[in-house]
Amino acid sequence: MPKMTMVQALNMALRQEMEKDDRVIVLGEDVGVDGGVFRVTDGLIDRFGPDRVVDTPLAESAIVGMSIGMAVYGLRPVCEIQFSGFSYLNFHQIECHASRLRHRSQGRWTVPMVLRTPYGGGVRALEHHSESREVFYAHMPGLKMVIPSGPRNARALLVSAIRDPDPVIFFEPKAVYRAFREDVPEEEETLPIGKSLLAREGRHVTLITYGAMVRPVLEAADRLSQTDGIEPEVIDLLTLAPLDDTLLVESAKKTGRVVIVHEAPCSYGPGAELVARLVEKAFYFLEAPVRRVTGFDLIMPLFAREKAYLPNAERIVRAVKETLEAAA
Amino acid sequence: VQEPEARDKREGLPVAASPATRRLARELGVDLRQVRASGPGGRVTADDVRQAAQAIHEPKEVPLKPAEAAPS
Amino acid sequence: MPRTPLAVDSPLEYLAILDEKGEVDSALEPNLSQELLLKLYRFMVLGRRFDERMLQLQRQGRLGTFAPIKGQEASQLGAVAALEPRDWMVPCFRETAAQLWRGTPMESILLYFGGFDEGGRIPEGQKDLPVAIPVASQLLHAVGLAWAAKYRKSDEVAMTFFGDGATSEGDFHEALNFAAVYQTPTVFVCQNNQWAISTPRSKQTRSRTLAQKALAYEMPGLQVDGNDVLAVYTAAKEAVDRARAGGGPTFIECVTYRMAMHTTADDPGRYRSDEEVAEWTRKDPIARVEKYLAAKGMLTPQEMEAVASEADAAIQEAIQRYEEIAKTLGDPLQMFDHHFEEMPVHLLEQREELRRFLETENEEARHA
Amino acid sequence: MPKMTMVQALNMALRQEMEKDDRVIVLGEDVGVDGGVFRVTDGLIDRFGPDRVVDTPLAESAIVGMSIGMAVYGLRPVCEIQFSGFSYLNFHQIECHASRLRHRSQGRWTVPMVLRTPYGGGVRALEHHSESREVFYAHMPGLKMVIPSGPRNARALLVSAIRDPDPVIFFEPKAVYRAFREDVPEEEETLPIGKSLLAREGRHVTLITYGAMVRPVLEAADRLSQTDGIEPEVIDLLTLAPLDDTLLVESAKKTGRVVIVHEAPCSYGPGAELVARLVEKAFYFLEAPVRRVTGFDLIMPLFAREKAYLPNAERIVRAVKETLEAAA
Amino acid sequence: MPRTPLAVDSPLEYLAILDEKGEVDSALEPNLSQELLLKLYRFMVLGRRFDERMLQLQRQGRLGTFAPIKGQEASQLGAVAALEPRDWMVPCFRETAAQLWRGTPMESILLYFGGFDEGGRIPEGQKDLPVAIPVASQLLHAVGLAWAAKYRKSDEVAMTFFGDGATSEGDFHEALNFAAVYQTPTVFVCQNNQWAISTPRSKQTRSRTLAQKALAYEMPGLQVDGNDVLAVYTAAKEAVDRARAGGGPTFIECVTYRMAMHTTADDPGRYRSDEEVAEWTRKDPIARVEKYLAAKGMLTPQEMEAVASEADAAIQEAIQRYEEIAKTLGDPLQMFDHHFEEMPVHLLEQREELRRFLETENEEARHA
């Protein structure tokens, strides 16, 4: 199996789906000739031509609005919003139409589109280029919201998203884009949307996370295991909406202690929903307060201070230890 | 920093109890693992903890601290 | 190199054919069959009378808020009449007459404005999108549909409707720009009815015509008398034909008037004069078609009566169907339908929660 | 003291602040001649003229973007977005600028603006006119987010919002607009932003809510008290961000049982943050799982079914009883 | 009533004064003082050299991503030179030269692109907004500022900058419409540098000029040679004067070229040819000013040298200041500043949490 970065794996997913299905159209700013500012769509225009890999004018609402029309027609648009920090410009198109057209037309029309966009910090980017606001989409009825954590699951999930009959918001952790390589099989591989993943088995504490935070969480888990004999269980959500809480609930019942990690600001962030689900479904098994290790409730600082803003292995280790020290 | 073996005290599934019951148990010096559960789903209730506390307190003088509780 | 005037191509035009007195500019008169002319007339009457009836129903509490179309029948019908069934229609929220023409049953419209999501369902085979309330947002869908048609080498055209107010939204601009860049077969029909709720056309934008906004996109732009069904049809047909032939998008401004309130929740007395309404009443689109058809010998007073009473009968039947269907839609659990192809677990759980709640509630009601 | 509806009380707040301070400018679609589609700005244009009560073209992003410029200049714009369901169109202006300009200019510029908008269901309105998406704003760093529940607190909070040196999103529960009257003093009255309110004292259970749900919650509390001898404590948040959790935490410590009520969809909704705060700060006092009684994770149905969608007193009573029945 | 052409007012113009060879159209030549001309020249050189130096710093890892301005010096400086200090400047993200002219210290720009929020601080008295990255969003702020100035009966003008790509965004449209409706004293300066990252001007919109977009708003529109500082200045001065006198907004398209990459993260080799760059190199805005000033006897080769070395020295000093200031900004807790006038409790709590974390971390580091 070839070793690939997430960028390459996503590129492969797009290429293979485009080969199989001429309904799949890639569109967005700089996705064609330039191959995307992160090169996720690199080479696609050479292979499939400008009719299927469409460079658009600079207008996010139009990109999404046009994708909706294409999807209603029966195509499978995969549009790219260059950075999630600019996806607010198409917010109404998602809220008012992409997520609703199936319902508004009572099943007559569907919107099988994918909105791909890179999110999150850690790559020394410009202002507005490092935000994590996944809650905006996760909270919206009628949407699916996927966040892969590594090359292999990114590829499998993107294939599933493209084939999904409903609109899927696909957040790509840009800090992972080129951070490491994984074996990605050339053969078709999909992952079910709406299933979380047991990324590490353990017994003493449950760590729940997704996206770019999976790596520091696993690093923290290894350190805890090696130096403290603590064996954390790690859950990688993969899908934020619809949220699959079975794995978290099971794990929390087993360990009794939970730490949640995400980049997004804490208040009203995705972690809050996880706490609420655990309280609803594993309340009597919780031995200590569920901890959230998150971005602060701040405007994401420019890159000189982003390391201090983002959760890291050290902060996670500390939170786990405090959670384990808390009286049962 | 905890010793690695300290973790082993936490082996086994958590005892089912509300956080408030856990606090009560802690305050009364009761090890939840030693308490007979009467609540739904095998849950230890606050009353269970109070009864257990009485049982501990009446025959013996010295309350059992959680740290001294035997591992299950 | 010096200071020179910049030439702009895309000539704009104004078009009017049938005037208020029912007189026609015979040089421009389109050659329409009697059948089509009478069909247009019948739908104008149906649209008008259905609108008036809905207003009554709303005032009686049998319908919720809706947006009357009175005065805009020619704009809507002249435009959609230029479409083929295989074309796409992407309405705003004030296109009742256009929807009827395209095949939407009156009871669907009643259901929708009666508060039932089921009213949004468009019949199989009818290629319309449902009513779009967020102003100007739907224009982009028409661009996407047309893009897709072009990609599929189909000759379908997408026509979309919107108001004068909609031209101020960013989505209007983005839609026209994308349509022009990709030369999609899209026809943009602006029903300039002079008002956006209480905002008059003159305060909506400083440009003297809305049609001239097409210049920004190097797109053909046309201003037509929107109360003149012949002019609207002529303009729309040209635009549809051009789009179908690969000639790209067109922007049509129909100058018309919203004779009633913005919606039934609105009180136009707060912001406009009766004189203005009276003035536009003289320009009524239906009256002048009647004169035109009568002069052509296509319509007698008796036939006019018949058209009206047929419309009323059809409306009455539709209202009955609406009220019967509404009775079958009492189950709140239906609100869980049509969210995803497969219902996710959390919705199954929430539906079950609601089901149990309603069950107990019903039981309690039975025991009380 | 005159008895007023919320609409009248808000109107009074605007009028009085405009009289006191010529920096206060009201702008939005139909706010002038028409007096606002809900008449909140009724009569202001007659009193203050079209220079201070500005009817705008139909463009939400422009309304908010222009307000930002006005606020930077030193004015105090109070803009109206006709329905919260259209405020997505100005989302980027709020996320990228209103909430950030103080930070982006490191204190040189500030944005003392108020964005008023009606939210929520219950008035048999059209599609897109009944949504509750307060989380979108509550989660955004750099914003304050206020939701009054009655005429008197609406007036006092709007005055505070106008005087606040930072941007305030002011969600008005349209179901309350004309639902009841309260005494509202003619004299100046303000309420601190960022403080929740004990709306009812009790001992057995804590009900937390805000906005239009305060009334059904209080109704449920009265019924529980009268028919079951249960005395719920009711907290009216008033401000969602910054969230004041002291009162909730205190109350939860006292009662041990909590039910949260809101119209917004459940998943990733505002209730989740409340659960998370309680878990963080009152964990060992919780005797039963915290319950959420909320809108379903659905596209808000049209009005024929909105009653079944919205939480009501009956659903709240049921949830409270179940929470009290849960074994401690 | 018939089919008639629609006249559009607002004549558009094209303006160029100083050509590539340094030759001037004397009929149009503005009457600028030697002082102003030399100041413009000095800032063009400073802008160019600062840009080049930033590129080096970026390549050495001493700066983060930034957007070079090379080639656009005349567009920026010709425009801002028409402003008074009391006017407002609302930049996009590629206005380094304009920012320097207005008084932003070079170290602020370095700090900002070096990843420190502190770089966003604009000196007291300088009425500029900080860099705005979301394309076209800032235009509306310039409309709001100008609206407020007009409300206050002040004669301040607000000038805003943006690119060719920005004209496709909805906010562009909404801003021009609002400015025209309220006749705000706003000057819209579009730096049409032919590219929006990899998207050429020709694919951004179908209109043959960007200037013609002004017609949609009944706003004066002007296309100027953006590499000709005299033309840009003349156009901007006219627009500023008109705005100041109550004549409302103007849209100016400066036809220029982005000679370097979009940002330092971009590889223009993927989408454009060296020939194109070479062609525009011949149109360099600085070279032609040098010829012009030399011909006027205002600039000797020695003086040119001096201007360059003064610029270099100033840049060098600024870099030193930047690196020294950066050293003082090590405290991550500073990221909690400037969110609200008063820090809310939850931020105090979170800051305390971070403080304690950093303290322990430091202690651990000390012990290790």
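We just call them A, B, C, D and E in the order they show up, numbering each chain from 1.
Convention: a contact is a pair of C-beta atoms (placed from the backbone, for glycine too) under 8 Å apart; a residue touches a chain by one contact, two chains touch by 3 or more.
Because the structure is a prediction, the values reported are computed rather than measured.
For the pair subunit A and subunit C, chains touching both partners: D, E.
Fewest steps needed to get from subunit D to subunit E, stepping only to touching chains, is 1.
The chain with its C-alpha centre at the largest distance from the centre of subunit C is B.
A centroid comparison over C-alpha atoms places B as the chain most distant from subunit E.
Between the Cα centres of subunit A and subunit E there is a gap of 35 Å.
Each chain gets one centre point, the mean of its Cα atoms, and the points for subunit A and subunit D are 30 Å apart.
With centres taken as mean Cα positions, subunit E sits 44 Å from subunit C. In subunit C, the residues that reach two or more other chains under the touch definition are 117, 133-134, 168-171, 174, 177, 181, 203-205, 339, 346-347.
With touch defined as above, residues shared between interfaces to two or more other chains in subunit D number as follows: 56-57, 59, 61-62, 85-86, 89, 92, 96, 103-104, 127-128, 141-142, 243, 267, 283, 286, 288, 297-299. Shared contact sites, meaning residues of subunit B that touch two or more other chains, fall at 18-19, 22-23, 43. Pairwise chain contacts in this structure: A-B, A-C, A-D, A-E, B-D, C-D, C-E, D-E.
Residues 256, 283-288, 327-328 of subunit D touch subunit B in their complex. Listing the residues of subunit A that touch subunit D in their complex gives 85-86, 88-89, 91-92, 95-96, 99-100, 103-104, 127-128, 133, 135-136, 138-139, 141-142, 240-241, 243, 264-265, 267-273, 275-276, 279-280, 283, 286, 288-292, 297-299. Considering their complex, residues 18-23, 39-40, 43, 45-46 of subunit B touch subunit D. Across the interface of their complex, subunit B is touched by residues 203-204, 227-231, 253-256, 283-287, 289, 321, 324-325, 327-328 of subunit A.
Contacts from subunit B toward subunit A in the complex involve residues 1-7, 10-11, 13-14, 16-19, 22-23, 26, 32, 41, 43, 66.
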